[in-house]
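One structure is given below, encoded as structure tokens.
Order as written gives the chain letters A, B and C; numbering starts at 1 within each chain.
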Amino acid sequence: MFKRFFRSTAFLVIALLLAPLSPVNAANTATKYPLVISSGGYSTTIAKKPTRIISLSPSATESLFEIGAGKQVLAVDSLSNFPKSAPITQLSAFEPNVEAIAALKPDLVVLSVDAMKSLVVKEALEKLKISVLMEKAPENLAQAYKGIEVLGAVTDRTSAAKNVTFKMAALIKSILNRAKVSGKVTFFHELDNTLYSVTSDTFIGKVYKDFGLINIADKAAGADSYGYPQLSAEYVLKADPDIIFLADAEYGESPATVKARAGWSGITAVTKKNVFALPNDIPSRWGPRLVDFYRTVATSLAKVKK
Amino acid sequence: MKKNQIDRVWRWQITASAAAALLIACLLGVGFGPVDLNFGSIIRTLLGLPNGLENEDRTLLLELRLPRVVLGALVGAALATSGAVYQSVFRNPLADPYLLGVASGAGLGATIAITNGGGDLHAFLPIFAFVGGVLAVAATFLVAGRLFADPSTLLLAGIAVGSFATAFQTYLQQRNSAALRPVYSWILGELTVANWDVVKWAGFYIFIALFVLIRISKVLDALMLSDEEAYSLGVSPQKIRMIAVAAATLATATAVSASGLIGFVGIVVPHLVRGLTKRATNRSLLSIAFVGAAFLVIADLGARTLLSPAELPIGVITAFVGAPFFLFVLRARNRGSQ
Amino acid sequence: MINVENLIVRFDSAEVLQSVNLDIPEGTWSCLVGPNGAGKTTLLRTLLGMQPYSGSIKYNGREIAKNKSLNIAFVPQRPSIPAAMSVAEYVMLGRAKLDGWGKESAHSRNIVHEMLEATQLLGMQSQLVNTLSGGEMQRVLIARALVQEPEVMLLDEPTSALDLHHQISVLNKVEEIKATGVTIISTMHDITLGAMYAERIIIMQSGRVLLDGESQSVIHSPELRSAFDDRISVHLLENGRPVIIAAKRELTL
């Protein structure tokens, strides 16, 4: 065990040391403006280096600050609670108020494709000569890294962005190496107490899959076309997961409340005390804190009692 | 002058006041918002005079605020007038424009668009909602049996069709969880980011519908009487009911597909106008249209400024005003009948 | 003069009025009597022109369908009571026949004033119709019919919901109206009252007219008794006035 630890740490240190020598840094990575870039399925033109960015996506906010573009960020939406130094406002990420956004006179707005009438908002902002970068939730790690790199290109922090993604990949790889699961271990990821879950088609589902865990919600995939089926208590009882991850801890759920549910006290995860509350926000941020999600899962797995 | 002289039933001054109220509301609507614009410049820009707003400010006023105010006025007029007409046709002071299943049908249409639409669904959603609303009303008439069915049968059929549409919509939402948020937002009603395209097509249909309704507004008074009395005065009550319901449905379906479900306007405004003027005649329809427009423009002003920079769904504001108003109406009715 | 010839009215496949023939002179009061379901209200509605029919109904020689200028007022049995409408507003609606809808000339307002006065409703002109008693509402219906200045007035059970006092005052009012030349046709449950006021009585049963003629002779006819399955008896008061009451048949032993 000690040997494994040593080996993966060594790998990590070497990777971090080598990062500055990666091929990306060899070329001149300064962004040339005007920049035409494709993001979220749409093309955006950015006239010059943006210094008054409004981020309406908590994940983008985290990425922007992580790649060192925090000084270029003017305001972030009401849900962007990380990092603490981000200039948080009451702007809504999901129901953007075009006039309120325009009132702050930004030169770039990062907008989620899932926001209400996002396209109409985009058009309206562009009419007011404000560039809009559309952001789509990534479906896998590669897309998550790409998203961060796009932000890097846009803010002229290309090499910093590359560093960040490189580091993330290395860290995730080392976490996975250390925490590989042996044998068939099943889990249930609980989104809320009405038992909505995620299948392996979703981003979160893929993270668990990377660990080799088996998702009990996969068999219920037909129930929802987006990968978020609602399971019944009977189904969960029958599937008898070895581990339960609670993504609804901020809504009052905990290992104690789960145990108190009728019939749940007999589930393996409950009897073996393998019910873990995930920290708030972590499962829904696909910026640099993705690593934290992997780490949290790994830590939980380490605590799993057989 | 004779003692106990009979009052006029309607005066043109009332209609003029309502129109003035709408004008004031529109001025307030374009004058305020999260971005502070000089009021004088706004007026000059609107009148095409020199020294108006420039560049982005001008774009903000003409491409963002103005279409939103205009759409709010159109939708408010449509809903208020339809509500008043339904109250006359169904002889029920609590009737609202969503009675015959328009709302549920439009909601179902919108949900189908959201759960199946590709990228540019904001272009398709209004069409789906409109078709859904109109089909629901058609289904209501089919279910009721005869096209000229009596009001209470129509009402029940509307409830049945509406329930069915809502159930189907809920099923679709269950199977497409990502659609929950957009559908819910749509249901709460929103004039957010109206643009001139929406104003054009919504305005077209709403104008036609309102034109018909206001033309027949005087004759609609015949529906206050029994069918025989109406007939004796030269009016075929069934025919008038049909035309009125058809036009009111067109107005409501258009309003709903442009801006989602905005509640209470259709009930509150007719009662407000009738209560203030102490008249039950349908000659008030034009005034009701003006006041409905003004009401929604002001409500939308609240929606985009009260919690700025967040947007309050406009349905929340109309409910806040509407719910206590309902109680007031009920109390007044109880007192009246004692 | 109203001429009804071979009038047949069908609801779905049932013949509700079967081959009715009537001649009603101008300025008279005719009363339709008969058991429930006889077709009295249907005949009244058909005379208004509301009901599709086969046969012919002529007012002064012209078929009603072609006679758009006919001014016939109808006083329904059950009024539709609009919420929040004042008496004056309701009565004013009657002027739509002569003035068109939505107009209220000074002349119209005078007529409304006159008719409200005639029906003792002037003091209540601003009162809401949904606060009125049955008798008051009946007077409102009549006032509304009057402002129309009709040639013919059709009344469906004008007294069935009223107390004795109001029954008489309403019928007296109708008599006054008749005196101005208006032709009156009414349906009535109470044959005694009908006989007191109407010159002509028309007996109906199961969609047919059994007899139609002067009240005094029709009252004593065997057709009247058979229309009600012999469950009525006709008596004469000392002053010669007939009283028709329900009578149980004596059991013959």
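In this section, a contact is a pair of C-beta atoms (placed from the backbone, for glycine too) under 8 Å apart; a residue touches a chain by one contact, two chains touch by 3 or more.
Fair warning: this is a prediction, and the values are worked out from it, not measured in the lab.
*Asks:* Identify the chain whose mean C-alpha position lies nearest to the mean of all protein C-alpha atoms shown.
*Replies:* So the chain sitting closest to the middle is B.
*Asks:* Taking each chain's centre as the mean of its C-alpha atoms, which one ends up farthest from the centre of subunit A?
*Replies:* Most remote chain from subunit A, centroid-wise, comes out as C.
*Asks:* Counting in whole Å, what is the centre-to-centre distance of subunit B and subunit C, each centre being its mean C-alpha position?
*Replies:* 43
*Asks:* I'd like to verify one number: the distance from the centre of subunit A to the centre of subunit B, where each centre is the average of its C-alpha atoms, in whole angstrom.
*Replies:* Chain centres of subunit A and subunit B, defined by C-alpha means, are spaced 42 Å apart.
*Asks:* Using mean CA coordinates as chain centres, what's the gap between subunit A and subunit C in Å?
*Replies:* Centre-to-centre distance between subunit A and subunit C: 81 Å.
*Asks:* Quick one: which residues in subunit C touch 2 or more of the other chains?
*Replies:* Not one residue in subunit C touches at least two other chains.
*Asks:* Please output the residue numbers of subunit A that touch at least 2 other chains, ranges allowed.
*Replies:* There are none in subunit A.
*Asks:* Tell me, which parts of subunit B touch subunit C in their complex?
*Replies:* 2, 4-10, 91, 93, 217-219, 221-222, 224-229, 231-235, 274-275, 278-281, 283, 333, 336-337
*Asks:* Enumerate the contact residues on subunit C facing subunit B in the complex.
*Replies:* Checking each residue of subunit C against subunit B gives 45, 48-50, 68, 72-74, 76, 78-80, 82-86, 88-90, 92-94, 96-97, 101-102, 104, 109-110, 112-113, 116, 122-123, 125-126, 128, 130-131, 141, 144-145, 148, 150, 154, 156.
*Asks:* Within their complex, state which residues of subunit A touch subunit B.
*Replies:* 41, 78, 89-92, 94-95, 97-103, 114, 116-117, 119-121, 123-124, 127-129, 196, 223-226, 228, 230
*Asks:* Give the list of subunit B residues in touch with subunit A in this complex.
*Replies:* Residues 33-36, 55-56, 59-60, 63-65, 115, 119-120, 122, 174-178, 181-182, 185, 190, 192-193, 195, 304, 307-311, 313.
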